[in-house]
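Next, two complexes with chain A in common: one pairs it with chain B, the other with chain C.
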Partner chain A sequence: MVQSLTEQLDSIRMGITMCFSEVVLSTGILLMLLGGLLFRKKPSTFPLLAFLIILSSLLFFIVQAQQFDVPVKLFNGMLRSDDFSTYLKILFDIAGVLTLAMSWRNQKNHPSEFYALVLAVLLGAHLLVMSMNMLMVFISLELISISSYVLAGFAFTRKGAEGSLKYFLFGSVASAVMVYGFSILYGMTGTLDFSSSVFVEQLLARNSPLVLMAGLLATVGFLFKISAVPMHPWAPDVYEAAPMPVIAFFSVVPKLAGIGVLTKFLLALSLFGQSVYDWQMIIGVVAILTLTVGNFSALLQKNPKRLMAYSSIAQSGFLLVGVVAFMPQGVQFMLFYATVYLIMNFLVFISLQYFESKGIKSIEEFSGTGVQFIWSSVFLLIGMVALTGLPPTGGFTGKLFVFSSLWEAYQLSEKPVLLWLLVFGLLNTVVSLFYYLRIPYYAFIKSGDSQERQNFLTPENLLSLVLVILILALFFLPGMLMGWINKITFVL
Partner chain B sequence: MAPIDHFLYLSAFLFSAGIVVVIVKRNAIMVLLGIELMLNAANLNLVAFNILQPGLFTGHMFALFVIVVAVCEAAVGLAIVLRVYQHYQTSIPDEIQDLKE
Partner chain C sequence: MLMVFLLPLVSCVISFLLTDRYAWVITLTAPLLQLISMIGALIVFFSLSAEPYTLALPWFHIGEFIFSANLQINAVSAIMLVVVTVVSFLVHVYSTGYMAGDENNRRYFAMLGFFTFSMLGIVLADNLLLIFVFWELVGFSSYMLIGHWNQKPAAVNAARKAFIFNRIGDAGFLIGLMIIWANAGTFELRNLLLQTEVFSWQTSATLCIFCGVIGKSAQFPLFTWLPDAMEGPTPVSALIHAATMVAAGVFLLSRIFALYTPEALDVVALIGIITAVLSALSALVQTDIKKILAYSTISQLGLMVTAIGAGAADAAMLHLFTHAFFKACLFLSAGAVIHVLHQAQQQTHTHFDVQDIRNLGGLRKKLPATFFAFALSGSALAGIPFFSGFVSKDAIFTGLWNWATMGTSWRWIVVVSAFLVSFITVLYTFRLVWFMFMGEEKSTQALDVTEAPLVMRLPIIILAVASLWFIITINPVDFNGWLFQILHPGKYFHFNLMAAVSASWVLLALGTAHRMYRTGKNFNVKIFQRAFYLDFIYQLLFEKPVLALASFTDRIDRHWIDGVLHSGVYAQVTLAHIIGWFDKWIIDGSVNAVAATSNGLGSFTRSFQGGKIQLYIFWSIFGLIIFLIWMLL
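So, the complex of A and B:
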């Protein structure tokens, strides 16, 4: 496949016009660093600048979504722009905007590098979900990882340093293992493009246990990013140590990016269901373990941040359920759940940040906050109810969709692992009720000493109110979002 | 076509050695060294497998990128270890136990 130089330049130029939002983000990173040098005295300009950058990247999607609906390969098949990746990228940008809104309060602690790193993680996530090539997967995963190691330590405390060290050691081992897996896959297929037919044909022809081995090694990197169970121990430590906006960001953006690329990669690895190795079972077992370990460990937690860490592990289990279904519909429901997950997670974290700023750091200290900070407590309650998956919130609809797709997959293939996954998923939903409602229990049932009332009109409350309306709307009118998601065709 | 078996044996050995170093050594700097070994095992694989594809440089390209990324990772990692050392006067993760349930 030798192309002339002009053809290659043309394809690169075409690619750049298609990747406008990634170009905006990359320019934004440089602008933020430059701005940090030039306007060090006026720190309030940085969040504004970062806000504008993400917003312009978001606006481009809305324009782009109407223009291109066929998948387009860019940069010689390195990236592919399609509906699936565009939808996830919109979610990332919304999460980025919400993160900036959360960090608005204490911008004193945030030099321009903070915003540059947030933009870098966003750029990595954008590229990761578009990647069709193992080289590109590696680079964008590392872009996310290396930036997040630094972001994890942004509290500038003893604990922050410890958290970021643990994150770093875990993360780099996982990515090294992943690269080794990629190298073996490359050796067996002779191509790095995992969407190409050569990749599938060669793997089908080999059919040795080495395929299974290499595939397992390669998925380690993704499982680490979504904090699925064998690769989860970093999450609680990092979540406890990092500042609140950063946790909210970590729990959404790298996780959804990892899930997005895992979905594509698994489809290729399972050779579209023709593989002798049952990848559906492997990921099903991982999902069962993730759900169970995440939920049961969360029961014992005293720190709300650690609680949310285990909650986010358990939630990746639910996202994995959508992947395990291995059907176009399963992916669509997974996208719906991802949207709901983004909203409810940010809702909880915004309230938790407010309580943290009032000096409430452990679950016992929430006693009586239901009276004192009534609005934040109510929003926290709604967020927790949504995370549990109870009506009338979008969390219920999301879980219902994900499990119904799993049920359909079970009826089609009759694999026992899918039934077990369903059983464990439902049982774990019950278990999660006990820890999710613990903070609201302390807030509303236990009485505190202070009777001071909270003013409703704070920026946090208004932002939470918007999220609450969204999450209720997703319960009463899920068709609005589903109509949009249904147009997304998932192809490899 | 040249036989590439011995390259693969060497890379498998390097990878296992890297994993052993990561697990056994307690110092964060030594763990970093083990990670470097694992990445180089992957590099060796990539370059060796590229022999099977004459005329293409995909494996070489990947190896180059892995080297560059490994350098970035080491730079960030050493900075983090330095920060930890300032706070705890040690670079042994086992002795740093502030984050516990």
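So, the complex of A and C:
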């Protein structure tokens, strides 16, 4: 039961070498705060510093890529480094870089704190997808949450403060419910390590409704992070009030981290398929509800930010579809979709931010922008088309993959809920067409006050161009990315 | 048995629930419940069989570890049960007189009941974790009781000091518990005591638990809280000293005695004897009645701990038993003296410190019953033959002697020191009695002093009679009586020479004391008076640096305090704005929501977004519950 001290020290030392990028991020947070005290006069240094920190974290994965093929338990089983979590971590870091690109010219208020918080969210996300222990899950989830609450208020407006407070209150409730679930699970199993065999055996032995209740309560924390029904209502208010880079960041990093850990946790909860409770059905229903609520609520929105909030809820539903398949392939397709989602979401948000900086804040004001800002409008159009899931974009490929894995799962198990999910998913895709294409509709079809064309060679546009190329490439050459993802083995 | 255990708690609850108007009811219910509890304890004690009786109560389990809250009664705990309930009952009765008219009577009796309940918990529990829980409850209730007169700053400080000193010790206890858990994997005393092999950390574990004992039983170096705790009401002091708080430590030691390794026992013995000597010397020069008694308690506890360290746990328990009665009697009599003098003072409007023995004298004529009781129990404390203290002290000396003959030469120093302590005990007891009751009246001359009321006198008399030898043995020079037989069945080595030596030693001390104090002269040695400057050392070593650190951080704080204040104000203003905005929204929003619901499915899902966070959370939790019900059906 008790490890010798030297063994523990050895495992901690090894853990630190494997967690190089997390160590870099942690030191980065401290450096950033320290820098904020010392170089208050030079705000431009902070994005650069943050960029270097994330880049070195990213480089570590690329240089050491082969090291992650074998899952390694770190810190006495608190964390585990494997290729699944590594892939997600790479996505987080890319999202971090894109967020920096969105904010480096616009974040004038408290830059050091802003970047430190962004780094803290990244660190939390890194740790969350590696967690194998409920305690660690909770701590890293709170690291993300608490940093996010503050980030949500970074517009420093009345609305921003309100959104941040709402986010905080809602998040506190979700955390409390989750910890309650965890504690019941711990009480029943005596272990916090949900990957251990003890956990599964104890839950199998104790076949009471309490298991379902505890599991459901524990899942609530993750559903909150990925803003899935019924833990979604915070999203629109927070999105509406927060600055654009922050929303883009929120809609990707915490969401993917939540999905990543949910996938692992669900596998443990369903006791590798042996549970009497049908967790596939539970998550299937959650996915159906999330898709429906997200898409239908988005229909009548007038504010692009709110619209994107509902869109991000709906996209969570699509990501959940990959999880529901409960198959290794489903997880791989989910990862593919997550990658595409990252790119198309940032593409849309970068364009929206550009329009916002030109004073266009509601959907109606987009009238005529197709003429005025032609390139940005085209990029936005492609992003929206990708989010809808139409060819020729990566969004189509992603949805195709996810739904095909769902279809296979249905054929294997013939559970009606999977068929329903498929039907609802396809229907919702059609519904989403209406609101996703409303902005381009205003931009290109409706004519506004004709003004002169404006300068469109901004850094934002160049970045959008790169993302557009990527999203098109993922349609024409999906094998490029899939080949890499296929090497990922998802094990608990 | 459970009834014995729970009645004090019932008393506590009743006292809390009653309103102030019916406060007088408590003075009836509380002693009554204690009486029933005491009778129950006596029944338990006399129906005791050789086998320990266990009441199994499952507590909780984490995974495969099962925690039980078993209660167990064996010989030692049955005796403790009797001691605690008897003393507690008498103290309750006494308190109805002593605390009459106190405005916080309810809280007082509630905490008294709670105190007794927690102590019974320690006595009965069969699980170290449970013992720790009750241990902390004892600490808490003693804190409440010592600081009962919370308008007195000294009382509050004393309560805090007692609390903090106990916390220091308890930290050790907690570490000890963790070590035991890590090594043995169980907290059940039954299983722990049965274990034969010594685990590698056992010495450290037991010493850590001993830290807790040092705090609670006021051993060196953590004993200075006990004299300060005299700021509390006197009956509380009696309870703390005789039966509950400090006895808990000695009891715990003897309960887990089998766990102690020889090395650990040597440390225990050393700490015990150091405490005994230091505090006996301090008691010699104190001038406050209660402080003298407090130091004498510490010194007696030191002797008990030494006895346990020497392997004579049964002798220690015997002494704990006798000590409980005569020390309670001493405190209650002292309380009676203080009480009546206070009342007399109030009538004549004179003022002097009634607790200072230099102001007292010649009270034997005015307070004959109190004098009689004080003299009896004082003789027991001094260990004069035919008193219970002589017998139990004899048991301890025999135990120490056996221990010393078996071991190395340094143990003889301990034995000699123990004899020295018993000598000094006689000196300070004689001094106390002489200064209070003999000689000429000093400041009290003009006062019209009458005896304390019957409710206070009766417990004192009962306890005084219980200080005689026959409560533990029939033969006044042989400690191997009926009580010791229960503690230690079978033949026990006893030698009469020890009793003779002890008796003559005490008489010699008595002679010396008479020569020294006959004239009423007061010796004063500064270092004894200040209890070896331990408090001063603590102040120098811990308090000053901590305060310096605190003021340092305070100064840092001050630099930031402006900013914090400002942001606080801003936050408030923002919040106010938000609330104002909310108000507007509730009115507008409800109308909008009604309009929106008619707008089809899209509007339906969106209508949950009323903008009000309470509603969001409500809907989410509602959805979750629906989900749960649906899945379960």
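Keep this in mind: the second predicted complex is superposed on the first by the 488 of 492 C-alpha atoms of A that agree within 3 Å, B and C clash if a C-alpha of one lies under 4 Å from a C-alpha of the other, contacts with A are read in each partner's own complex, and residues count from 1 in each chain.
Note that contacts are C-beta pairs under 8 Å (C-beta built on N, C-alpha and C of every residue); 3 or more make two chains touch, one makes a residue touch a chain.
Keep in mind the model is a prediction, meaning the values are calculated, not measured.
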With chain A superposed, do chain B and chain C clash or fit? clash
Report for A:Ala241: first if it touches chain B alone, second if chain C alone, otherwise both or neither. first
Does chain B (first) or chain C (second) touch A:Gly35, or do both, or does neither? neither
For A:Arg158, using the defined touch cut-off, is the partner it touches chain B, chain C, both, or neither? Pick first, second, both or neither. both
Counting only touches as set out at the top, which of chain B and chain C does A:Leu192 meet: first, second, both, neither? first
Look at A:Ile282 in the shared chain and tell me whether it touches chain B only, chain C only, both, or neither; answer first, second, both or neither. second
So, A:Lys166: does it touch chain B (first), chain C (second), both, or neither? both
So, does A:Phe296 touch the first partner chain B, the second partner chain C, both, or neither? second
One more residue to check, A:Val220. First (chain B), second (chain C), both or neither? second
Quick one: classify A:Met134 as touching chain B (first), chain C (second), both or neither. first
Re chain C stretches 27-35, 63-71 or 243-251: the one overlapping chain B is 63-71
Interface residues of chain A shared by chain B and chain C, listed 158, 161-162, 165-166, 169, 173, 177, 186-187, 190-191, 236-237, 300
Interfacial residue positions of chain A with respect to chain C in the complex: 1-2, 158, 161-162, 165-166, 169-170, 173-174, 177, 186-191, 198, 202, 209, 212-213, 216-217, 220, 229-234, 236-237, 277, 282, 285, 292-293, 296-300
Residues of chain B defined as touching chain A within the complex: 8, 11, 15, 18, 22, 28, 31-32, 34-35, 38-39, 41-43, 45-46, 48-49, 52-53, 58-59, 61-62, 65-66, 69, 72-73, 76-77, 80-81, 83-84, 86-88, 93, 96, 98-99, 101
Contact set on chain A toward chain B in their complex: 134-135, 138-139, 142, 145-146, 149-150, 153, 158-159, 161-166, 168-169, 172-173, 175-177, 179-180, 182-184, 186-187, 190-192, 236-237, 240-241, 300-303, 306
In their complex, what parts of chain C are in touch with chain A? 60-65, 182, 185, 574, 577-578, 581, 599, 601-606, 608-609, 611, 613, 615-617, 619-624, 627-628, 631-632
